[in-house]
Amino acid sequence: MTSNTELSKKYVELLKVINNRTVNKDYYILEVECSHDISNILPGQFVELLVEDTRNAFLRRPISIYDVHPERNTMDLLIQIVGEGTRLLSKLKKGDYVDVMYPLGKSFSIIDSGKKALLVGGGVGVAPLLYLAKKLQKNNVEVHILLGGRGNDNIIETSNFKKYGKIYVSTEDASIGEKGFVTQHSIMQESDFDMIYSCGPDPMMRAVAKIASQNNINCEVSLENMMACGIGACLCCVTPTTSGHQCVCTDGPVFNTEVLEWNK
Amino acid sequence: MTSNTELSKKYVELLKVINNRTVNKDYYILEVECSHDISNILPGQFVELLVEDTRNAFLRRPISIYDVHPERNTMDLLIQIVGEGTRLLSKLKKGDYVDVMYPLGKSFSIIDSGKKALLVGGGVGVAPLLYLAKKLQKNNVEVHILLGGRGNDNIIETSNFKKYGKIYVSTEDASIGEKGFVTQHSIMQESDFDMIYSCGPDPMMRAVAKIASQNNINCEVSLENMMACGIGACLCCVTPTTSGHQCVCTDGPVFNTEVLEWNK
Amino acid sequence: MNLAVKIGDLEFKNPVMTASGTFGYGPEFEDFIDINRLGGIVVKGTTLHHREGNAYPRMAETPSGMLNAVGLQNKGVDVFCNDIYHKIKHYDTNIFVNVSGSTIEEYIETAERINELDHIPGIELNISCPNVKEGGMAFGTSCPSAVAVTHAVREVYKKTMVVKLSPNVTNIAEIAKAVEGVGADGVSLINTLLAMAINAETKKSVLSTITGGLSGPAIKPIALRMVWQVAQAVKIPIIGMGGIMNATDAIEFMLAGSTAIQVGTANFIDPAVTIKIIDGIEDYMRRHKIDDVNDLIGGML
Amino acid sequence: MNLAVKIGDLEFKNPVMTASGTFGYGPEFEDFIDINRLGGIVVKGTTLHHREGNAYPRMAETPSGMLNAVGLQNKGVDVFCNDIYHKIKHYDTNIFVNVSGSTIEEYIETAERINELDHIPGIELNISCPNVKEGGMAFGTSCPSAVAVTHAVREVYKKTMVVKLSPNVTNIAEIAKAVEGVGADGVSLINTLLAMAINAETKKSVLSTITGGLSGPAIKPIALRMVWQVAQAVKIPIIGMGGIMNATDAIEFMLAGSTAIQVGTANFIDPAVTIKIIDGIEDYMRRHKIDDVNDLIGGML
């Protein structure tokens, strides 16, 4: 198993928007072109986007790296419109420039070849899981991907995920896949996974971690704490761990659930 | 001579941008479509534009009504890019909507048919003079228009002004027209005008007013004080007059220079 | 659904009022809204004598806010009573006069005159104006002087009296408690924060008075904190304000402990904002199944 | 062109420093800028003992600003001296330690430890942190307590000592004068303004601590006013801060009376902003034909 402990060199620069693809009314995918080599970006890392020309979204917005295309040196960012910042960024057009700080944070661990992984994403929490699935598949890991959401509209990009593993879906309103929360999905009962990776709403990740621990499965989650700086300078994004408050932006966003003190 | 003392009914609404024409790198003309009858808008009145999606330009921006096209119920706004607000507004495109409060303020007086008027505009101060020239010409006033600026780039829209009167030009760098300040232009020496109308930088208007008074010519100027509300509610935009502090937004922006206490 | 709230014995049809100095006397906004829908309006700061206010420039835009240094320009209480009053007394809303003065005697005399006006149910005692040389904020930044002026005016003014507090103090709750002790029916806060702006290119101060008062969304987090602190210190109702731009902001101020709220600078950006705020509060109550707006007051969990 | 300024006997290669709590210890920014170009850096608030700080959430975005309630999370002065210090002592810039405590004794002990470090030419005495239950701002909001802690630390700390003032007071100039009287080499201002945020949908306070400290451009007009007031009251140098986002803002603070300036929240938005500010000041001086940056200090006309 490999995991990234050293942080890679970070950049802040204007990146050209190559594409802005609307997924549905709530989601879009920005593809931006980088000027530095990005082939060493790891799954789980994120960027901080500046929303220009406004103070309505004053701080940068942290967004996971959804996919990396080394052949054209671009990355994809999958973004859900939830407020002012993500709404204003959705207006970016091909050819525009956006101010990006990248790559930030530590990555998911890549389990060894031949092992079996379950990836559990809720809503826009699927964002860091695609690139993870890609890297796991490359390492010959058996990849199972459970995508959950409130309804049909929140289950996105399944055709993209399909390329890297077997897909399972659950929705709370039963509009697609099994009905219920992701944690109620039948695949969650299987106990022969070597690792469960998860990203999504806090309560979901906690529930996933609980099941993983009951089944003695290693579990990594990607947290989405409120961030001001993204580089470990402000100490705003902390989460309680077995070694005290740690920064989600630099000690995470990916944590093994064993170190998280979620009851604190 | 008619002058507008009653304020017309004011509206605040989203107006559709019909056109955004670039004049040169510093100037553009927005044409917006109104939903209310605008045929009674008077020359010298202005609008207050909201710069949406930002707090970098927090308050509305006052802009003169440059022209009115009753046949398609639109107005033109001639805008110079001087800061954040005017820069952001320059990005408006055909089909966009802009939040406008209009029409505001009191107008220039229209002198009687057969009389002779000189209009003196400096830089973007020409904005309220075009519609004035149009109205004066319609009333069979003999219209002379002096346009001044630092250089060639500041002398704009002469072909439009030409339709309504005789044009004179002066530039400080002599790149076009006579060299010098507008007040040094030969036409300013002529004393047989019945009214001088002026809009431009403060020092220019003061100099014009001085010459007018020396020549015993009635003179109206349009002031550009900093405004917060545009409707007489905040008392921020005052100018000292013979009857105390008056609001430029509601008692003006047009004032007869006789009532201004420019030395206060 | 009940939107009505009470301050002292006075009922407001809803908690949304306009802030002094930002709404003129009301007529300025008649083209944009139905004034009668408002919970109340507080007219421009009124003094015993006519005041020309400070010299231009009196305004500066700042990040998410503005500075003003109007300096209580107004025609004096006589013109208010004999002229302006008659143009607005028909409004079906609670009209408050914001009363200011350079000396306690001026406050008293002005309040006495206003007390005679049938259609003015209350005054807002402005002891927090940062833009005048004498009086104003000086009264509002120490307990003894705040108490002195409040007590003196209370003696002569018989209707609803709200005291408007200055945020430019170490402990606003202490001053709120002090004026509560001498008969204020309520407190309103915050007035503007003393601030300034410089033009780096000209090296000059932007305002003719160098310093002015900061208002707008920039100050909302400070105002909210002060309302919350005062709510824990006093029993009389609070009228909260400072940067309220929409219904969400208004609800935050109520949750922090305001019985009513005032909208100031936002009127300049959208002259119809007050009505949108009233509608937005109703909408919020519907969504959250709240029948009585009074249940929001101090409802922060 | 001279950009160097002095505080006490200490020379800064330029007036641009980073504000405590917004720049970590320096290494966090090495990927983005050359730390050695800075006039100085003030490291995170340091206390005698390790502190975990407040519970999450500790941050809220506000109009043109942010709230923080970090609460002085730090590993304590021993870890600073034995570990962190050795990672940063090679920087060719003035490293200040921001010293905080719950009691005067803690301040003294911490300052004594820092006094031993060769490559730390100064401390910034933080008597203005709004985010801790004990000590912090309590020391900075009254003259007697500000004097007590400043005086006590002055006795043991022999290098440059700057006292960081709280803006949450009625009269900041008075407190500046008081600490000047007991040996402060300079004052820095402003720390954050006590403020709060509420989430209307959940009805909860956004921060775990309810109140937090407001920083960013929203507070710039207030900070500028306070610098100007303090500049008229004291003779010692002022380090101005509060919402500085670019060179123009920095110049405004110098014109108002600052000898040096600190950049805080802006580092989060652009990690290279400090260098742009240094370059921007040079550019301004060239345009305005100013040879010595000291000519800007208090240069408001």
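Note that the chains take the letters A, B, C and D in the order they are written out, and that residue 1 is the start of every chain.
What we mean here is this: a residue touches a chain if its C-beta (ideal position, glycine included) is under 8 Å from a C-beta of that chain, and two chains touch if they have at least 3 such contacts.
The shown structure was predicted, so the numbers you read here are calculated from the model rather than taken from an experiment.
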Smallest number of contact steps required from subunit B to reach subunit D: 2
Greatest separation from subunit A - chain, by CA centre: B
Whole-Å gap separating subunit B and subunit C, where each centre is the average of the chain's CA atoms: 36
Rounded Å distance, subunit C centre to subunit D centre (Cα mean): 34
CA centroid of subunit A to CA centroid of subunit C, Å: 47
Touching two or more other chains - residues of subunit B: 55-56
Per-residue multi-chain contacts in subunit C, two or more chains: 60, 62-65, 216-217
Topology of the chain contact graph, where touching chains are joined (line, ring, star, complete, other): ring
Set of all touching chain pairs, with the criterion as stated earlier: A-B, A-D, B-C, C-D
Residues on subunit B engaged by subunit C in the complex (per definition of touch): 9-12, 50, 55-60, 99, 101, 225-240, 244-245
Residue ranges of subunit B in contact with subunit A within the complex: 53-56, 88
Subunit D residues within the subunit A interface of the complex: 21-24, 28-29, 31-32, 44, 52-53, 55-66, 68, 70, 73, 216-217, 265, 267-272
Touch list for subunit C against partner subunit D, complex: 60, 62-65, 67, 141-142, 168-170, 193-198, 200, 202-205, 210-211, 214, 216-222, 224-225, 228, 243, 248, 251-252, 255-256, 284, 299-301
